[in-house]
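Take a look at these structures.
Two complexes, one shared chain (subunit A), two partners (subunit B, subunit C).
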Partner chain A sequence: MEIQLYNITKRFGEVTANDGISLDIREGEVIALLGENGAGKSTLMKMLFGLYTPDEGSILVNGRETLIDSPQKAMSLGIGMVFQQFNLVPALSVLDNLLLAYPRPPFWTFRRLFGEGASQQNVLAYLEELAPGLDPNTLVRDLSVGQRQLLELVKVLNLNAKVLILDEPTSVLPPQEAERLWGLIRKMAEAGRSIVLITHKMQDVMACAHRVVVMRAGKMVQALTRENCSEASLVSLMMGDSSQRSDIDTHRDPDLAGKPPRISLRGLHANHGVQSIDNISLDIGPGEILGIAGVSGNGQHLLADALVGLVPLSRGEVIIDGVVLQSASRAPKTSDRVAYIPEQPAVNAVAGDLSLTVNVALSHFRQLRFFPAWGPEEEKTRDIIRRYQVRPDNPALGAGQLSGGNLQKLVVGRELEGPRDLIVAAYPTMGLDAGAAHDIYQALFTKAREGAAVLWISEDLDDLMSYAHRIAVLQGGRISGLFNPDQFDRLDIGRAMTGEHLPTADPAPAEPQARIAS
Partner chain B sequence: MTITTQPAVRFGLRLLRGPTGAVLIMAATFVLAALTFFAINGRESISLFQEMVMGAFGDGYSFSETLVKTAPILLTALAVALPARLGLISVGGEGQLYLGALFGTGAVLAAVDQPGWLLMPLMLMGAMAGGALWGVIPGLLKTRLGVNETISTLLLNYVGVLLVSFVVHGPWKNPNSLGWPATIEFPQGAILPQFFDTRVHMGLIFGVVAAIMLHILVTRSRWGLGLQVSRSNPRVGATAGISYERNVLIVMAIGGLLAGLAGIAEASVIQNRLQDGLASGYGMTGFLVAWLAGQHFLRIIPLSVLMGGLLASADSLQLYAQLPKASADILQALLFIIVLAVASLWPNRPKA
Partner chain C sequence: MESFVTELLTLLFAALRSATPVLAVVLGEAMTQRSGVINLGVEGQMLLGAMTGFAVASISGDPWLGVLAACGAGIALSMVHAILVLGCRANQIASGVAVLILGGGLSAYYGIPFVGNKIDTLGNLNHTFVSDIPLLGQFLGPITPTVLITLLAIPAISIFLFRTRTGLRWRSTGESQEITRNLGHSPVPYQLAAIAFGGLMSGFAGAALAVDYTANWVEGMTAGRGLVAVGLVIVARWNPWYALPAALLFGASEALNLKLQSWGVPISPYLLATLPYLIPLSVLMLSYRGLRASGGGMPAGLRVVFQSAR
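This part shows the complex of A and B:
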């Protein structure tokens, strides 16, 4: 099956997400759509999958102009898409999930009465091919992220897809599983399918693409065959001439580098829900940006919550400038000297139905008078709105009316206001476009140079490796590796992320004995 | 020229589209429904409705009786509205009212020989403690064990009512009452002050003052802001140092305390003793009023008066039209349904 996208344009309000893009998708070929977040890759493919319709241009399937106005239509044409967000029911088994996604699923499976039915054989055929060892009766919630992704892939293959669109498939995978996926992609292409790989990672391109289409800011920059491109050339194409990465100053003030650590985590243990952290000991110096890498769900949120004082420690303590901030022996407490910038601010950082002014005032709630004076608070909010270019710029608006990027700018502005000893940033740029992410990093790292210690949790290894001063890897709630810049190596860090080896670089901490200031 | 171009008409129409219009439609619908209800019962609708209004607000005496019924409704409505500002749905006003009466009476019985200046504060403090206890228990169940506060307050109502029943049938029964299940009569020092030779008592003042204070505290103070934040996003509140758990206990305690005052006022002024059937459903009426008022403390005051009037006029319905007393309950339910239905139809609906 051949597909041609011709001169496709898509606008959202004033933003042009795709600007006159033409693209051929040929049988048996892997195309990598390469670009930064917000370059318009996903938008383009969502039009092919029928989630959006183009404002201009046309889509030709096997030479005939075709209107794809719904995912059902796309699937009936043999176009399938695997999204970043998985669409699985965790409480059901692998088999049930596959049956659910099957066209015309049997109304009544009689699985337990009649054993293996014919339809189950069909449903499971691809699963056996892609993941031979996987028991179809396993519950989805017990699967690893990589296995879930395979399951999503099987769902799409079951629909007889000839064209497969994979949206950032390796972003959630540790390097080893990503390699496996690359192999599968190559195999599927050999079997005659076409694969479009939406990605912003060079490794994906180099590992399995036949052709690379680079997009930037809604435009197609260039299409190349893999033989004709190098990683370096792709990076410059993707980022444009003024690479945004380079203009963020992450240098540590050399005067600060020699100083003793500001923040010490001593043997932290905590349990909350299904997550736990186990014997975490780290020091962060003044002005230092310590990156925490890891596949999500390995204790990152719990670590952040415990530092901020939302979750009690079961052992260990957190010491700031020699003073105990959190300790297992007393109730957790939040502090105005600790800034917290979580992901998805709408959920984690603001009260959506209250005004921006109120939300800004939350950062110093304890210092408000019993009957707060709102004039100065509003002034403060206006100031943050101005400096961080928050839109719309009305402090009386409800926080829920702002977009994620603008809201996060407001939160960053709020959290970095005034003196801070520790800044905890947990996936602060998740879901934001490149421009907003850039502004947020810039603000964060500027604040760090004033002497605050930064603990920065991210799952984007590229970002971590380019910005962080050191990287600690969290795996299964433990620190499984601690890397200095000269040791930054994708594979080494990746191994630590999967827990392949537990280095001895992090010796067991001495029994905590901190001075408790009165 | 169409009629709508005239400024006065345009202003009128704009007013109608706002909350004022909603309230007018609610009132009209309710009057219509009440008239229909009377007609179905084969009564002279209009004159009966007039009689009802007169029975509630017609003269000094009937208005004073309306205010007598207003006091417990107002207090129990506040006991619902305050937790609602934190997103809690408490239906425990009735039980808190009974517990207030129980503890207040306990204080009276324990200090029955003391002079009034000591007896009265003891009684009020006992009542507040009892009501607060019946608020804090569901609060603790919620914060410690995650028990739904609506269920626990609902069930504790029965416990409260039956506890009173138990003491008046048992340990606290007046031996000289010829088997009538009630405590001894309250001494003069334990009767709350009344006004103008009517049964209108201090409880009404407590309620109005509490409503105004709560309004100021919740809308203007840091504590009130904390409630709003906790309600909107408890996690963010916790990050800012606002304890949702502590606020749950505080609002449940204050709410219970107010309902407890209503209970002791009924026992002290209206019944002069503690006995069964103390409150005849004021707790539930308070719940309705709080929701009709959209949990707005100041709106609760006039609505409580209206509802008090409705209950007071039930007596005149009985006398004049020989309609059963349950008619008042039916009218009350009609009012509630109409208000909620109209409010949900309105584009810019008043918050309810």
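This part shows the complex of A and C:
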């Protein structure tokens, strides 16, 4: 099956998400759609999948112009899409989830009746091929992220899809599982399917793409064959300018490096909901940026919440400059000297119905008077808006009216304001373009040089390896590896992320000692 | 010893009879909530069903016609909720309360001429083969048709919900409308059916109360049974099988209340009459403790009830 996108344009309000994009999708070929977040890759593919309809341009399927106005239409044409956010019902079993997505499922789903018939074989055929050991009666909520993604893939394959669109499939996978997926993608292409890989990762492109289409700010920058491109050239095409990692001063202040640790985590245990953390001991020195790597859902969220005092500890204590901040023996408390940039600030860090000014003031509400003086607060907010280029720049606007990226910038600005001992930052640059991410890293490093200890949670190993002074890996709520810069190795860290083995570095020092990076 | 067993069985079967209206509502509301819609109006639907069922039975002289009319009235009133919630995207809590009050008002007004009327009842299993069964016959005899129908609804609902394609989509709608929509199924028909089924069951429950159990119509006669049923849905963890013990809990506390009064316990009957509400409430609190992490089986889609529509 051949598909041509011709001169596709899509606008959302005043934003042009796709601007005159033309693309050929051929049989047996893997195309990587490469671009930063917000470049318009997903938008383009959602039009092919019928979730959006283009404002201009046309889609040709096997040479005939076709209107794809719904996902059902796309699926009937043999176009399937695996989304970044899984469409799986956690409370239902693997089999139930497959049946939900199956084109013509049997009316009766009695296991007995259905078990021996041909229909269950049909539904489960691809599952058995891709994940032989997986019991179809397992609840999806008990599956790992990688397994869930496989399940999504099986759902799409069950639709007999000839064209597979994968939206950032490796963003949630540890390196080993990503490799397995690349193999799978190559195999599917050899079997004659076309695959569109939406990604912002170079490794994805290098591992399995035949062609690379680079997008930037809604425009198609260039289409290349894999042989004709290098990682460096792709990066510069994708970013547009050369403002790169290199120009951030990532060095630790040598005066600070010799000092004893500011923050000590001693044997932290906590349980909250389905997550738990288990015996986490770490020291972070002044000016040090400690990166926390790991596949999401391995306790990062809970560790951050427990540190800043949102979740009680069941054992252990957090010590700042020799003073106990959190301890299992008393109720958790928040502190004005601890900054917290949580994941998804739009949900976790702002009150959507309140204005930007109020949202900024909320971070230091203890210092506000009974009748707060809003003038200075608004001034502070304007300052943050200006420095972090928050758009729209009206401090009276409700926070809910800002986009996720702009809220992210606002929250980072708010949290890095004023004196801080500890900064806990979870995915502070998620959803931001390269320029804004650069500014945020810059601000984080400036704060660190003023003496703050930084705990930085990220899923982006490249960023962690280029910026962090040390990397600790969380796996199953435990520290499964602690790496100094000379030990930074993608594969080693990846192994620690999957819990394959414990690396040589001492995972958790039994007694507090200054572990200072070189 | 034998008298104790007899006493206990009498209490159990009395509990079953008085629990039947509540059980029907729990089953209906559990199905409604399984689709991601909460309907607090079941009490109003029950009242309108009870009044309509009694009125039709009294005019036509056929109690079965009354039961059918009650089901129809329940569905009709539930459609108000459906229009407000599915059509106008109104807040489900507000819409449910509106239906509750509407049902109470309508049934009170149109029920006036029928207060004190006499109707033929649906009969019971006495004088059938059942009453000849040794030992159990005396307990099974007083069982009425609405009790049997409600009990039979449990396996029927459970097979439908857990063993059919439609039931699977029904459940997925309740877990996440968004995911269901992404999978290419519109949640609206399922939710409409779910609200209508809840209406049918609460209308039927009204008939079970007015036409069958008491053979009488009094304004506000459901006395909070519908609202208790909404709470019992949580105790039953949205599972039709657990609905039976949950509803029996209500029935047993009501039977206990009557027993205690007849024994002349020196507690005000007004206070004793709160037992059927206090006991399920305590069980609700106890059973909900420690379940919070897993949500106690709550359909995840119910969370949208408390989110404002954007």
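For this structure, a couple of remarks:
In the analysis below, the second predicted complex is superposed on the first by the 475 of 518 C-alpha atoms of A that agree within 3 Å, B and C clash if a C-alpha of one lies under 4 Å from a C-alpha of the other, contacts with A are read in each partner's own complex, and residues count from 1 in each chain.
One rule holds in what follows: a contact is a pair of C-beta atoms (placed from the backbone, for glycine too) under 8 Å apart; a residue touches a chain by one contact, two chains touch by 3 or more.
Being a predicted model, the structure only gives us computed values, none of them experimental.
After superposition onto subunit A, partners subunit B and subunit C are found to sit side by side with no clash.
Once the two complexes are laid on top of each other via chain A, the angle at subunit A between subunit B and subunit C, using C-alpha centres, comes to 40°, given in steps of 10. After overlaying the two complexes on the shared chain, residue contacts for A:Ala349 are found with subunit B alone; subunit C is out of touch.
When the two structures are aligned on the shared chain, A:Pro419 is found in touch with neither subunit B nor subunit C.
By the document's definition of touching, of the two partners only subunit B reaches A:Leu310; subunit C does not. Look at A:Thr334: by the touch rule set out above, it reaches subunit B but stays clear of subunit C.
In the overlay built on the shared chain, the residue A:Leu362 is in contact with subunit B alone; subunit C does not reach it. After overlaying the two complexes on the shared chain, residue contacts for A:Pro90 are found with subunit C alone; subunit B is out of touch. Of all Cα pairs linking subunit B with subunit C in the superposition, the shortest spans 6 Å. Contact residues of subunit A toward subunit C in the complex are 70-72, 75, 83, 87-92, 96, 99-101, 105-110, 273-274.
Those residues of subunit A that touch subunit B in the complex are listed here as 308, 310, 333-334, 340, 347-354, 358, 361-363, 365-366, 368-372. Subunit B makes touch with subunit A in their complex at residues 220-223, 225-226, 228-229, 232-233, 235-242. Against subunit A, in their complex, subunit C makes its touches with residues 163-166, 168-169, 171-172, 175-176, 179-180, 182-185, 293, 299-300.
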